[in-house]
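Please find one structure pasted underneath; my questions will follow.
Per-chain residue numbering starts at 1, and chain names A, B, C and D are given in the order in which the chains are listed.
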Amino acid sequence: MGNSFVFMLLAVIAVGSAIGMLVSRDAVHSALFLVLNFITIAVFYVVLNAPFLAMVQVTVYAGAIMVLFMFVIMLLGAERLRGMWGDRPSELVFAAFLGFLLVVTFLIALVMEGKTAVSANMIDSSPVALGLRLFEGYVFPFEVVGILLLSAMVGVVILTISNKRGKNV
Amino acid sequence: MNAFGLAPLLLIFPVIGVLFNGLVGRKFVEADREIGEKWTGWFGTIMAFSAFAVAVSLFFSLQANGHHAEVVHLFDWINIPSAGFHVPWAMRIDTLSVTMMLVVTGVGSLIHIYAIGYMHGDKDFSRFFAYLNLFLFFMLILVSGSSYLMLFVGWEGVGLCSFLLIGFWFSFVDKNGVWKNANAARKAFVVNRIGDFGIVLAVILTFWAFGSLEFDVVFETALEMFKSKEPLLLFGQEVAFGSVVTAITALFLLGATGKSAQIPLYVWLPDAMAGPTPVSALIHAATMVTSGIYLIVRSNTLFEMARLSVGSELLFGVISTPDLVALVGASTALLAGLIAFTQFDIKGVLAYSTVSQLGFMIAAVGMGAYVAGMFHLMMHAFFKALLFMSAGSVIHGMEHGHHHLHDHDDDDFDPQDMRTMGGLRNRMNITSVVYIIGALALAGIVPLAGFWSKDEILAHASANDGGIFTAVYVMLVIAAISTAFYMGRQLKMVFFGEPRHAAAAHAEESSNLMTYPLIALAALAIVGGLANLPHFAAEHGAEAGGFSYLALEHWLEHSLHAFELTEEHVLHMPHTPIQIQWSVAIISTILAVGSISLAFFVIYKDTSKANSAPDPLQKTPIWWTSVLPLNTLYMDYFIPAFNRMAKWVAISLDWVFWHDFVHNRLVRDMFVTFAAFTSSVLDQKGVDGIVNGVASTTRRLSGFLRQTESGYVRSYALSIFMGAVLLVIYFMFATAG
Amino acid sequence: MSEITINSYVILSTILFVIGALGVLLRRNAIIVFMSIEMMLNAANLLFVAFSRHLGNLDGQVLVFFVITVAAAEVAVGLALIVAIFRTKKSIDIDTLNLMKG
Amino acid sequence: MESNQFNVILTLLVFFPLIGALLILFLKQMGHESDELVKRVATAVSAIALGIAVIVLFMFDKNIPGLQLVDKGDWIPLWGISYYLGVDGLSILMLLLTGFISLLAIISSWKTITEQVPQYYAFMLLLQAGMTGVFLAQDLFLFYVFWEFTLIPMYFLIGIWGGQQRVYASIKFFLYTMAGSLLMLLGILYIGTTADTFSLTALIAGREAFADVQNWLFLGFAIAFAIKVPVFPFHSWLPDAHTQAPTAGSIVLAGVLLKMGTYGFLRFNIPLFPQAAIKYAPMIAVLAIIGIIYGAIVSFAQTDMKKLVAYSSISHLGFVMLGIFSLNEAGIEGAILQGVNHGLSTGALFFAVGLIYERRHTREMKEFGGIWRAMPLYSVLTLIVVLSSMGLPGLNGFVGEFTILLGSMGSPVLGPVFTAFATTGVILAAVYLLWMFQRVFMGPLDNPKNMILEKISKRELFIMLAFLIFIFWIGIAPSGYFGLMDSTVASLVQSIGLP
């Protein structure tokens, strides 16, 4: 499952960019950090024998979704919204503690498990194989997701359509 | 000719009248009073006459048919197959019902004409005629119904019409602020309902005992049971047949005392005189009040069987129901006759007279003289309707006279008070003549109608020995004397002597519309006796000189099954003498003439006194009868007691105790106390120690919880996150461990 | 260095997930909150793919495919919501959205 | 287990009003603020539901004693709970009554309800759906769901659109009936878990299984139903609920909701626990007779017209209870018909009282007098309704009361003494109803506020006439109505097993 050096490098970039996103005061910076993070994860996908997903990750996430984010940020002028951290320190501490707890839990669980898992052999994960798998076992969810996308589209239109009086942003 | 197919028309004509007058009549009258009154009044009258014509055609059909009863089925009413209960709407056409139909529609039609004149100018003219037609409809259902249940429909229906008509002038308030008409209407209905209580129970009992409510079936089944002399299996136990019949007839008697105004339920009839006079004539003299007599005559078989009950099957072990009927009738006749002495209201005298005469009829049917009872019923319908309508004419005349006076200084003027009248025979010729005819007929003067019918009842009472007959005979004779006396008193006070009030001096004769029906009825009151003349000779030839004696007797025999039983010697009815009892006839005539003369020439000799003078009888014990009777007892004791009881139950028991105390105080407070106790124990650090119940506990708890509801999405998310983490931890170690 | 096992991926994705969660919990800027949600989804996706590789089974990849689709839909709707909120509130500070306050 | 059957008409009947309610809320959501549209939609939905009920009537074969048009499918098969609707002679009239009364109640509120209109009509339709479900459910669990479901819309109808003390009245109504039905729930759960099915037909067939505890079960069900009816002494919630409810609420409450109680006795208590029913019949009949007399006396002393009518319900339903526990054909058929009659007569009375309340904003009888002069047509119509309520022969009330009295006298468990006491109710009915009629409609028209009363409108006339058509119809030709239930009642009585 990949070289440990590559893993560590990518992991540092991923965690670093994530933290960057978290702490950036400027929303644009956050968005850029997030793009970096997504691309890192796409590389992970390649490492993990999922090249097609890596491509999807880059195009959909790093491309489409993040463009959407940037667009909204620009539209709202939200890049100027600085310093928007919670004003309740107790919450900050508590949330951090919970996060820490979660990580520790997993660590402990893995340690207690003890065994070193052996990975299976590489399998064919070409788009063809993926597509076959998708349409063999997941036709119905596929349809549902299609409908979901459609309704999301309609919903977005209804939500953002300007009302009769022409009140616009 | 067979006209039984026409029978439904008997009911349809009045209904058309009701619909016309009820729905559109008012518009006619409002559009043009003169023409509108003509249309609505005459329309109602023509419907009544049409019904009369149908009744006449039924009469001839029965003649042609050999007097055989015919049942005309209309349509199903109540039909419960699984319970075996089936009652159709069906009309029974037999001699008894046709007799009643003729009386009802005949007298009713005349009263309709009279009412056109009498109600002239009333703003609810059309409503009045709608009610009159509605009354005819229900009365005809009552007499033509083929089952007890249909009879009951009519019975209640005429009660309703009585209510509506007594309360016709419901807005009237007397000078004491009492809603006189509305109260009288309600009283009539409620008192009648007490009687109906008996009818309902009797009808239900009849069904379970005899398995049907059709007259035919009931009487036939009863007869078979009577002949078999075996006990009846009723409600899971064996009951003697006599007891069942006694119970049924006793309950019928209760119903009859209500509708026919007998002791103890007569109290509504005098009050009912508050209604318009045509109503008093039609409903409260001629027709509706006689339905109690009709009911007993219709059930004659059952009553005669009850007469033969022995021992413990008798009512209270003492007396059979027909005997009780006779005693109730006779004592009512006597008591009401005496009360009539004390009345000053011209209609009040007639009202008590009606109660008294109904007593005669009830006594007659109780003694088994069914034909005599029916005969008196018919004759009474003629002369009492005549008297009431003439009295109405007098009242009209007095009101006219009062209007002519220019100084209305005496607002207390009562046009019905006989003390303000006097000498009216000079002002109102026709009315006075017909009134005197009616009064003499009522008093039983030969050869007017009342003589023959009353004499037949008295003869029956005297001809049978033993039992209650003697007592009944004595009471009825005294009642007959008092009848003659109070009518003499009334004649003297109203028509003779000098006018005691300016209104009487200026009274005017009523219009032709009112007097012509009076003349027609007066003629009937004179010749009516021919319907059932007794034999004067000893031989029993049915026909003598082309004229049939005892016509009514022969006619009604076909409907009176008890007579048929007599022939088969199953029943032993008291016999009615079919030739005149000279002793009874002569004695009663002498007494009647004597007591009229006594009133006329002795006690009320001096009638020119001022109208405030006390009555000469006021110092005699007879006068006390007016305060003694049941009305006072009911009105002053029973009804206020009921009102107080109802108020106590409603306010104290139901509301204050049950609603407020038990539910809102006891249950709720116990719960609250319980909750408060719980909270003070659970909540040691409670601010005040004892907290007021679960409500405030909840409020404080929610107040605490509310603080967590910051409304910030992030806070909620934090909670969710916490929950998620905890769940993960749980699953990790639960599954791993 | 030894071969990387599935355990490492678990830890990595947990860390990413926690960072995303903290973003959701601590930031008041609605857009950044949304980005953090995307981050959490990606953390999950990463784990899916890792397990897919680990178990030699394509189902994990198929699931990621679905998650991406749903995420795209969610982002579209979510951003539309933000735009709508901004129109009325003139702010995307989610702490101003406290109508639920008890 | 019986096999599943599909006959969608009854399901449609239940859920159509529900869809209507959702439609109304959706209309509101879409911003159609026009109350007129909402009224029209609600009326149309209710009318169509009545139409479906009439179709059911035509599909109904009165010669079959058992359930018909059954729609049955598994719901929670693990616990033996099924979705099971069916109609028979006990429920067919109740269905029609529900549709009829609901429609008239909706029409009657066109003018009176001016606030939160869409919610009001949505609740009315929800109520209609719930009540229909109660009369159709043949699965104890499903029945319980519908039974409780009717409480909610009624609670809001009283609590939002009611009078001065509406909150108090609605909470009392809710808690009182809820408390009673919890006992029933216990009973239902016990039966269901013992027999592993909640299907009524299966339970009746296997009723021997819980015969040894049937006295307790009977009481549990009986209390729930008795509170709903209400049988004396559980009547204390009724005057509050009726006086505080809006007119349409009172009409539905008296017209249909109370019948759910009497229906419950017939549907569950008698067939499931016949021995207990026989045992307790005289006791319940005594309570019923006390209710008849007590309700009448208390009515008589009321000064508020609506309260008077409310208490008269207690008296009338006493008759119904007496008929049911006569346990013979005449009594039970009379009771079912009298249930319908009471719905019509008392519904119409409530409407009449509401009509005059709208004009004068008071119901105190001393405020009135001589209304006949001011509103003659209205007065005549009300008189007919009053007479029907009093049991005048030729109108509907008499047929029911007479049949009940007939049944009670011939009943194997009751007898003439019961009948005699119950018949006094006939006298008392005349006393209190005529008293009210006299105070309000007769006498002089001397209060100036009463002189300018607006005449009855066409819409109000329509509602009154709709009531009157059936008042006369049942009074004059009730055979068809008895025919609908005869075979079912006959088989029910047979199943009780009395001699």
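We take it that a contact is a pair of C-beta atoms (placed from the backbone, for glycine too) under 8 Å apart; a residue touches a chain by one contact, two chains touch by 3 or more.
Note that the structure is a prediction, hence the values are computed from the model and not measured.
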Per the definition at the top, count C-beta pairs in contact and tell me whether A-B or B-D has more.
B-D
Express in whole angstrom the distance between the two chain centres, defined as the mean CA positions of chain C and chain D.
56
Which integer distance in Å separates the CA centroid of chain A from that of chain B?
94
When the centre of a chain is set as the mean of its C-alpha atoms, what distance in Å lies between chain B and chain D?
35
Using mean C-alpha positions as chain centres, tell me how far chain A is from chain C in Å, no decimals.
5
Shared-interface residues of chain B (touching two or more other chains) are 714, 718, 721
Set of chain C residues in contact with two or more other chains
21, 25-26, 28, 95
Mind giving me all the chain pairs that touch?
A-B, A-C, B-C, B-D
Please output the residues of chain C touching chain A within their complex, sorted ascending.
1-12, 14-23, 25-29, 31-32, 34-36, 38-39, 42, 45-46, 49-50, 52-59, 61-62, 64-66, 68-77, 79-84, 86-87, 92-93, 95
Across the complex, what residues on chain C touch chain B?
21, 24-26, 28, 94-95, 97-102
Interface residues, chain B side, partner chain D - complex:
22, 26, 75-83, 85, 89, 149, 152-153, 155-157, 160, 163, 167, 170-173, 179, 181-183, 185-186, 189-190, 193-194, 196-197, 200-201, 204-205, 207-208, 235-236, 643, 645-647, 649-651, 654, 658-659, 662-663
Going by the contact rule set out above, which residues of chain B touch chain C in the complex?
705-714, 716-718, 721
Can you check the complex and tell me which residues of chain D touch chain B?
172, 233, 236, 239-240, 294, 297-302, 311, 328-330, 333, 370, 372-373, 376, 380, 387, 392-394, 398-399, 402-403, 405-407, 409-410, 412, 415-416, 419-420, 423-424, 426-427, 430-431, 434-435, 438, 441-445, 476-479, 482-483, 486-487, 489-490, 493
